[in-house]
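Both complexes below contain chain A, partnered by chain B and then by chain C.
Then we have the complex of A and B:
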């Protein structure tokens, strides 16, 4: 549902059905709404059968990469005699994205249930839910829900009375975007600086504490109980003509739009309809100019591209961008693209862990150039330098933070070159905007 | 991590820092705090993993994380003070110096920027009399900083006052909000 707005008839509320309903936050309330039936069912199945159902559903990671969830789970070798771990990535920090926040605030038991099922399916007795430190309300709600789940015997040494151990712990981050990168998250959980690790080894081989580990996004795990309850075929059926992208997806919408908020639609939903009908179009008197559809790390779309997009993994790629985390940032015709691209770059410069030279130097250098252009002090050569820098920052580092900085710069110069040139030739911002502080 | 020319919005609050260091250090981990740490240690297979939670306990008890506190944590978790400092300085949320009674964080990343976050910052700086970002107001009550994406972009502009998360803040709402934090 379009939380915080009334649900829209074209939405398909599965994950968001109980957003805004505080009664769903308790164990009793969750059970009244059909909760924990899937966990009970799962604990009576073999781990391999659960993995197969998830594989069959077509569920893909909702954190940004879109990796098939069942396949990821199958990399964990159950019965190898080692402790296994599940880490829940609740470090939601991608600018434009605020869906996991609502899942945790309103339906904490959906996440606990999905995490417990995933833990059992991968032979993990311990699950850590890593929540970013700034999420004070989700942290409080999740901690209370975990405590209640222990008290009710749902998790713990004898989960649901089956004799199986599933421990769930909430772990609070301390302010670092990079900890949303899975190997950085593991380092942070271990009490280290959040520097990403070189892969291989992959987490399923040697993850947190050196043991087999899987990291899943909040939204991915919250979908799992529904898949077990209603079947893989039901989930797979929620797709508009593309079997590679199935189920529902929560999209967070923000920026210059009439009705910002979270909306849940089936994969493949037309983006034009989404922006103009569900989200209410631009604010009065304005027109949309550009969309960043998957969090700030994906290429910027022109409105032509956006209006031709079907909202799934392949659909966004076909129109010059990526689905990413589903964080839709909309800019209208009163906004200066150069200013916003400079601000994106500043974000990445601030968040670089500084391990890799291309990222540490590149993000800061790009920021300085972009802010100079925005102030009217740039040259045409600066645009070439930015493109050259961006190339050196792409696919050359341990993680993709520097690639993420480059994506909006390259797509921005390509698709909105006129705005950059107007700043340079006019020696001022034509929109009257000032440089980012 | 925060060495870039483009980063850095913090300013030191030297007076309270100095005053604090004149009195002998009182350990944080006694009584309830010690019991909390002991419980935390049962959750992880290594002591080191309790570092971030232990630092949160320090900040909750003292309002900031001093060098002495880092040394105390290091000893409890079999780490070196230098290692602990290396971790503290990586993360933005641990205060390495005292801050105002109310620590105010304003999101100014692009989506909030497109919705007027800069004007919210201006209003906060004016009404708290902090003057500039990172500085503490003359009465010691407020410190205002810009923060990167708070993950509530649909509720622009989100502002955090200590542990409280306030959505949809506009410049007009600032005086009323501040009146609740005196």
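Then we have the complex of A and C:
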């Protein structure tokens, strides 16, 4: 469903089926719509069987990295005598991404159900839903839904009357992008500064409170009940290009597009149809110039690349970018790419946790150079410096925040070098725009 | 851990075998290779944030932080590949982006790891044309001044206060390149061991207010010593400029003080530079003491001691050798001796086992007791009428002075003339800990060497020298011209010291032969 628009015929609403339907927010309403049947079924299965079904479905992490979910769950050794934890990454902060927000706003019980199934499958009795602090409405909705789920005996010390304990806690973040990084999220959850941790040890060995932990994205977990209800084969069947990418994916679309919003399509859907058909193409009188297809951390695509893309993990990589979080940011021909890349860099400079030298200093330096170029005060050497800095900010640090800052810079300079040079030689922005304040 | 699994690897072409779990950085030290680093410190938890220790490990997909990467069998590690050099060069350029480059007025200059590595591996010229960010310096309390602009945010100070001192005063405030080291609301660096953050800081961001603008690092002479200010026996480096002690810093000894020295210890060095010193041997001529040569003074002292019982008031700050020589003077006529030691609250350093600023604030209480000097708040209580009293660099308070009249004669051996001793017949000038070689025995029975850092004033001699000569004048076999000679004689005659040689003490010291004695009766 292209919420807030009516669903498009080419969409496959699975997760988004009840977006906009307030009745789905209640326990009763959710059950009427088939909710909690999957949890009931799961609690009758062995944890290993659940993991196998998820493995079989081909479900991959929807937070950005695309790691196979079933495989991730299998790293949790059930019965090792340690408390296990599930962390739900609801700190959706990637610029251009707002799919988890809608899942939590409209179908909070889908997330609770998926989280409960995952907790049971991994021997975790405690699940923390870490929600971005700025998400006031999703927080209210999730907190109420968790309360209702406890009252209905769905979760708690005797989940669904099976005698199994599944506790679900909603934790409010305090407004740092970096807390969406899995180990930073764990530090934040523990009450520490949200700094990413060095890996190894990986969370499955020593995660939150030093105990085995798995962390999953909201969208990933919300898909799990559907997989248990309808079977791995059904989910796996929703794959149009590469068999390693299965199911449906929510894409958040924003920018210079006629119909921004969330769209759910099957993996491998043609990006060209997506942009021009589902999203209604550019606004009147404009043409698309570039797309950032997976949140601000992925390389920028030219329209040539975008129009040749099949929307799945492999398809975006084949066309010079990444699926990422599915946050599609569209730029039309009135936009200054230098300005937007500078704005991205400024975001990363602001959000760097300040641990690693390359990130702390590099993101800020890149921002200053980019903003200077945008003001018409750049030199050709600046472009070489930016590329060199970007290389030194890639694969050198604890987490990938500085890599994320570098990706749009490198792809921007490579694919839109003309715009950068026009700023430098013309000593002003050819678009007449000024860098974002 | 004798059967710990061993791992062999190659670092810069050198084969090295270390226990499993060792970091590449530590293994490299064993191989004799220094991997540049800032945030890593062997006494602190690994942070892995400065990214200066990035090295190339063959078959690894990307550069590895040597401090946070464990060794693996057959690993081949390179420091000097183009990739690794470029990465370190980039880190250095990043670190200098907002650094003020104020080396000419920075106390750290000359002993700054940022200077060292930039000189070795950095760019000749930075590429930044952007203005530098500026933050004012901040008084962190205690002896610590934070010069914000020089900070490279390695977080050693934060981790020391949090994980070693267990007093989390410092934090990283703000994010991105606005980040600075901050203090928690209402807190100050007043922890008794907080001054260590100055030494831990690899750059000039945390500097000592006491040492501020006092000297340039390259003007200093450095001497291995032992802190004389309590019974812990922390290893130190005495730094002198123009024969004046200007700073005392910790010297690593993982058997005693690890990398640390308490604030009170490190600040208590000024007395070593006192100028109101006894500089020449003095003998009484009528109503005054007159300067003379050593022979006359020693002869006069021996004359008074002959046939008399000696009572020795000996400072617990004296060396093993000096106390032992004094104990021989004391014992030859069936005499006695005592000392008083100042007691203050103990201040442990939480993160290091058996390390504290000890309650007894003198270095050699252990040896003084071992050699027969009684610890007492009224040390002159045992002075008998007719005794010859030897005051050996020990304080004399008003309460003590009233007992002086009982002595048949008073001999002073010391660095200064005690104000309340007015009737001394001989005064022999002695050196302090900074001016002589010697050894101390700490409270756990560890015998440790200290060395001469500045020249002695005038004719002053170590007590083991002057006292030995006095024994010769009394007809005993003695006479020591080197601390090692005095120590050898001591070790030959004092059973607790048997088996120890001056040379074998090395830079980390040795425990007394009797282990039960060495443990000081306390379980470790």
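Heads up, the rule we're going with is that the second predicted complex is superposed on the first by the 436 of 437 C-alpha atoms of A that agree within 3 Å, B and C clash if a C-alpha of one lies under 4 Å from a C-alpha of the other, contacts with A are read in each partner's own complex, and residues count from 1 in each chain.
By our rule, a residue touches a chain if its C-beta (ideal position, glycine included) is under 8 Å from a C-beta of that chain, and two chains touch if they have at least 3 such contacts.
This is a predicted model, so every value here is computed, not measured.
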First, second, both or neither for A:364, with chain B first and chain C second: both
Touching partner for A:354 - first (chain B), second (chain C), both, neither: both
Which of chain B and chain C A:256 touches, first, second, both or neither: first
Of chain B and chain C, the chain that contacts the larger number of chain A residues: B
Touching partner for A:198 - first (chain B), second (chain C), both, neither: second
Partner chain in contact with A:84 - chain B first, chain C second, else both or neither: neither
Chain B versus chain C as contact partner of A:176, first or second or both or neither: both
Partner chain(s) touched by A:415 [first = chain B, second = chain C, both, neither]: neither
Touching partner for A:392 - first (chain B), second (chain C), both, neither: second
Which superposed partner A:133 touches (first chain B, second chain C, both, neither): first
Contact residues common to both interfaces of chain A (with chain B and with chain C): 176, 193, 349-354, 360, 363-364, 368
Complex interface listing, chain C residues touching chain A: 46-52, 54, 61-63, 65, 68, 86-87, 90-91, 94-95, 97-98, 127-130, 152-153, 155, 171-172, 174-179
Residue numbers on chain A that touch chain B, as the complex places them: 4, 83, 92-98, 101, 132-137, 167, 169, 171-177, 188-194, 209, 252-256, 260-262, 296, 327, 329, 331, 335, 339-340, 343-344, 346-347, 349-354, 360, 363-364, 367-368, 436-437
List of chain B residues in touch with chain A within their complex: 1-7, 43-46, 48-53, 55-56, 77, 79, 86-87, 90-94, 105, 108-111, 113-115, 118, 121, 133, 146-156, 160, 163-165
Residues of chain A that touch chain C when the two form their complex: 176, 178, 193, 198, 349-358, 360-365, 368-369, 372, 381, 385, 388-389, 392, 395-398
